[in-house]
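To keep things clear, I will list the structure first and then write my remarks on it.
Going by the order they are written in, the chains are A, B, C and D; count residues from 1 in each one.
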Amino acid sequence: MVENTKIIKQEQIGVDLYRMELQTSMTNQAKPGQFIQIQVPGMYLRRPISISEIKKDSLVIIYKVVGQGTKRLSEMEEGQTINVFGPLGNGFPIEQREHVVLVGGGVGVPPLYETAKQYRAQNTKVDVVLGFNDKEQIFYEEEFIKLGCSVSIATMDGSQGTKGTVINALKERNIDCDCILSCGPLPMLKALQNTYPNGYISLEARMACGIGACMGCVVKDQQGHAYRVCKDGPVFPFGKVVLS
Amino acid sequence: MVENTKIIKQEQIGVDLYRMELQTSMTNQAKPGQFIQIQVPGMYLRRPISISEIKKDSLVIIYKVVGQGTKRLSEMEEGQTINVFGPLGNGFPIEQREHVVLVGGGVGVPPLYETAKQYRAQNTKVDVVLGFNDKEQIFYEEEFIKLGCSVSIATMDGSQGTKGTVINALKERNIDCDCILSCGPLPMLKALQNTYPNGYISLEARMACGIGACMGCVVKDQQGHAYRVCKDGPVFPFGKVVLS
Amino acid sequence: MNLSVKLPGLQLKNPIIPASGCFGFGREFAQLYDLSVLGGIAIKSATPQARFGNPTPRIAETPSGMLNAIGLQNKGVDYILDNELPWLAQFDTEIIANVAGACEEDYVTVIEKMNGSPVVKAFELNISCPNVKHGGIGLGTKPELAAHVTRLAKEASKKPVYVKLSPNVTDIVEIAKAVEQAGADGLVLINTLMGMRIDLKTGKPVLANKTGGLSGPAIKPVAIRMVYQVAQAVSIPIIGVGGITCAEDVLEFLYAGASAVEVGAQNFVDPYVCPKIIDELPSVLRKYGYNDITQTTGRSFRNE
Amino acid sequence: MNLSVKLPGLQLKNPIIPASGCFGFGREFAQLYDLSVLGGIAIKSATPQARFGNPTPRIAETPSGMLNAIGLQNKGVDYILDNELPWLAQFDTEIIANVAGACEEDYVTVIEKMNGSPVVKAFELNISCPNVKHGGIGLGTKPELAAHVTRLAKEASKKPVYVKLSPNVTDIVEIAKAVEQAGADGLVLINTLMGMRIDLKTGKPVLANKTGGLSGPAIKPVAIRMVYQVAQAVSIPIIGVGGITCAEDVLEFLYAGASAVEVGAQNFVDPYVCPKIIDELPSVLRKYGYNDITQTTGRSFRNE
């Protein structure tokens, strides 16, 4: 659905990092790992942003300012309305499981929050491994802990937690699991796929339509068949599509 | 000068008609009949709007919603900032005179207000004749009266004041004067020029630069010489330029 | 208020047609609204064989527009015939099959295969794509090439043939006349302008394909100009396309000389834009004094 | 940080040049800032005689851009020589004299008259305007016509000659090569795209001249694409122009293959845009790892 949503919260939570809460009636359709397409005033195309948390009457997003669109988004104020299209795509599976491991890198962390929340709600053991460049970039560690997740941090420069990538942290903590749900930069997703047998990755791609009509966002599987990140993803099982 | 001004007042004062007050430091340079170029968010070119009143720290403009740009302007809220370039052009002459007549039609009325104010400040007798389509369109009658002007109204449908044009009202009231300062639709300005010997008209034109560089807004004099409405005008003496 | 427009092969209940490549085969939009409200649908370009298209990134944003370099990704004419067209049959709307190819024979192949489908009411030749046989230049850039493919298509086709022109030419009128001469039943103007963006971080073009097609409101003035020029030079109908976002834009194209319009990239910005425009059209037409949409075509150059 | 660029006849202290027709002869902008901060100034097109230009309206707004149909209004080369150039002499900036005409001889006339002015450092031929001798088509739309006027200009000129190309062509590379072959010292890309807007109230074109030239950010992707294509095909320097609004846009043009840039319509939107860009350039260059602006030219197609 397309809806003019009200910004009920806009706060900076880190370096160039913002958390925004949007009042909307699409909450009952939304699933963790899905995304919304946001119409930022003055920009032509919509901006795809993951749903980070699903509340009763609102959705939370967490976004990093990386260009014009996210910059303007960050300048919007509480009380203003913003047009949103969604929820879109297929999210992370929420299944009956004893244990899941959520692995997030940088701005890949946001969609894992609602995922963790829903798994914790059914009492699944949730290990969370978050990777960042350095200590200053870390966010949402506390929030995952509050959900009852066990949280490990990896930083590239070793300024907090394991020095290195999320793979290093996973190894160091001896975390293993037949269901890893992940979102983050491509190299991280590749390493996870290559290291662990089962799990899911959430991809990013340049999008226009966001619903599968324009073929702007395609990826290939091993056989060369095309999949649309927006419609067939953004979440894919390990090994399904070729990461280039 | 180019300045980010704060909208300190935005109010609807008539059908599609708005009055806006902008906090600015350009007040000491501004003269009645000059205009400013307003950067409306989302529009490419600036919008030329006359200065209607010059206060100590703010300028008042009065504008009619006629298209996208003025519509968006009307949707802006008090407290927001808006980028303004000005003051631009040559305004109405403010000379030592016993009597002046100000003639305005529709949205040509606004620049006459500051003109009246400055003439009244030097105790000049000011007759004001305002023309509108109908009673519903009338604005600022009271404001001119408060300045101590004698105000006559003409409406095309006769719903208030003289039925007909400002010319009818001028004739009916037997108003004559060797200095008429006027602003309004072209037919009105033409009629004034043809009827009275001395005075000034303020013109409108499609503008890009607003400062005389692009040659977008030119008019011709009788000899075919070009004048720029933005730089050489918008106020011209009766008979100087050809009105087509 | 009459919104219906009759064109060769097409009984449009209104002049609004989603543009080829911007609507897939309608499946995604059918989840949002009933496609039967549409005047017609120009489906994604079909080629004889399946094509994966260009590498990604294929999309870049530009001021008031976007670049795309999809590269004609489609599953091939057979797949479309077997899977997409039968599904589209359920809707009460006119299907225009957009045809593309790497050489003239490709157009003929696709047309011959689709001739038999009762769902397809007309063909639209996309002659903007680079053509292998002619050193990669588009058939749409030379009058004789454009005329030639039009003639072949007309010979092969059992349905009216519209030719969609490329705007990347010196003289659009010359091409339009050549295509009319060659038997085209109608014209579609315009396809995308060729453009490019460079990523400052990598220093390289944003699109993997380097150049891409510019669409969106940015190109509307160019499209309007071309429709205006061509409409006065040919006597076959024109479907206008390029930067349409609202009912007023539609009217501008009709005034310029179009009989119907296609809406492209705006479907991405507002997925409901087509039904929205259809809803708004009657009141916009009324506002400007019309009670029949067909009265508006060519208004800008007709003496009244 | 080195911002200076050396081009035939031009010692630009930085690569920022207000574009012809968007800056008059600098008088109005000189009231806003010191013109000596500019790399150069491309003054308004000069013709042999004074021209009033087209009837008004001459200006229309478009999405992220504008249309103009000024029609080369200017007071003629003699007036410019006597009044504008001596006044411009006071500024420490490079003056590029833009030359236009209704036939080839006009270019020669203007160049011969301006040859003697020490203020003029180079000529820029505006070959986009419709040309009476050739049935109203622009000299810039045919390689042989473009080459011919370039050759005549080179023969007449005592200063380097830049040719400003029209983007309204099928093959910009072909034109660029022809002009290079004919002796041009540099190229300026691009002039405006031909466009149109229709006023819904009157039903007629907004511009009295009907069509006009589209400029502004809307056309930047087309300009970047053309600079990119031409830069790889010629070996004379290119001055890029089209939709520049900020230092990042400048860098995009340099990466595409330009050595300097001209800023047009944005001077109307932000009268201080040129000094603003000049101020911002060093930090933007530093951000992307450069300490000399000349390192950036052609980055997008150079192998590194």
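Assume a residue touches a chain if its C-beta (ideal position, glycine included) is under 8 Å from a C-beta of that chain, and two chains touch if they have at least 3 such contacts.
Since this is a predicted model, take the numbers as computed values, not measurements.
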Message = From the centre of chain C, which other chain's Cα mean sits the farthest off?
response = B
Note = Expressed in whole Å, how far the mean CA point of chain B lies from that of chain C is 46
Inquiry  = Using Cα averages as centroids, what's the distance between chain C and chain D in whole Å?
reply    = 34
Query = Hey, how far is the Cα centre of chain A from the one of chain C, in Å?
reply = 36
Chain C residues counted as touching two or more neighbouring chains = 62-65, 216-217
Message = Show the residues in chain B shared as contacts by 2 or more other chains, in ascending order.
response = none
Query = So how do the chains connect up here, line, ring, star, complete, or something else (other)?
reply = ring
Request  = Report the complete set of touching chain pairs.
outcome  = A-B, A-C, B-D, C-D
Task = Show which residues of chain C lie in contact with chain A when the two form their complex.
result = 21-24, 27-29, 31, 44, 52-53, 56-66, 68, 70, 73, 216-217, 265, 267-272
Chain B residues touching chain D - in the complex, by the definition given at the top = 2, 39, 43-46, 69, 85, 205-220, 224, 226, 231
Task = Would you tell me which residues of chain B are touching chain A in their complex?
result = 41-42
Message = Which stretch or stretches of chain C touch chain D in the complex?
response = 62-65, 67, 141-142, 168-171, 193-198, 200-201, 203-205, 210-211, 214, 216-222, 224-225, 228, 243, 248, 251-252, 255-256, 288, 299-300, 304
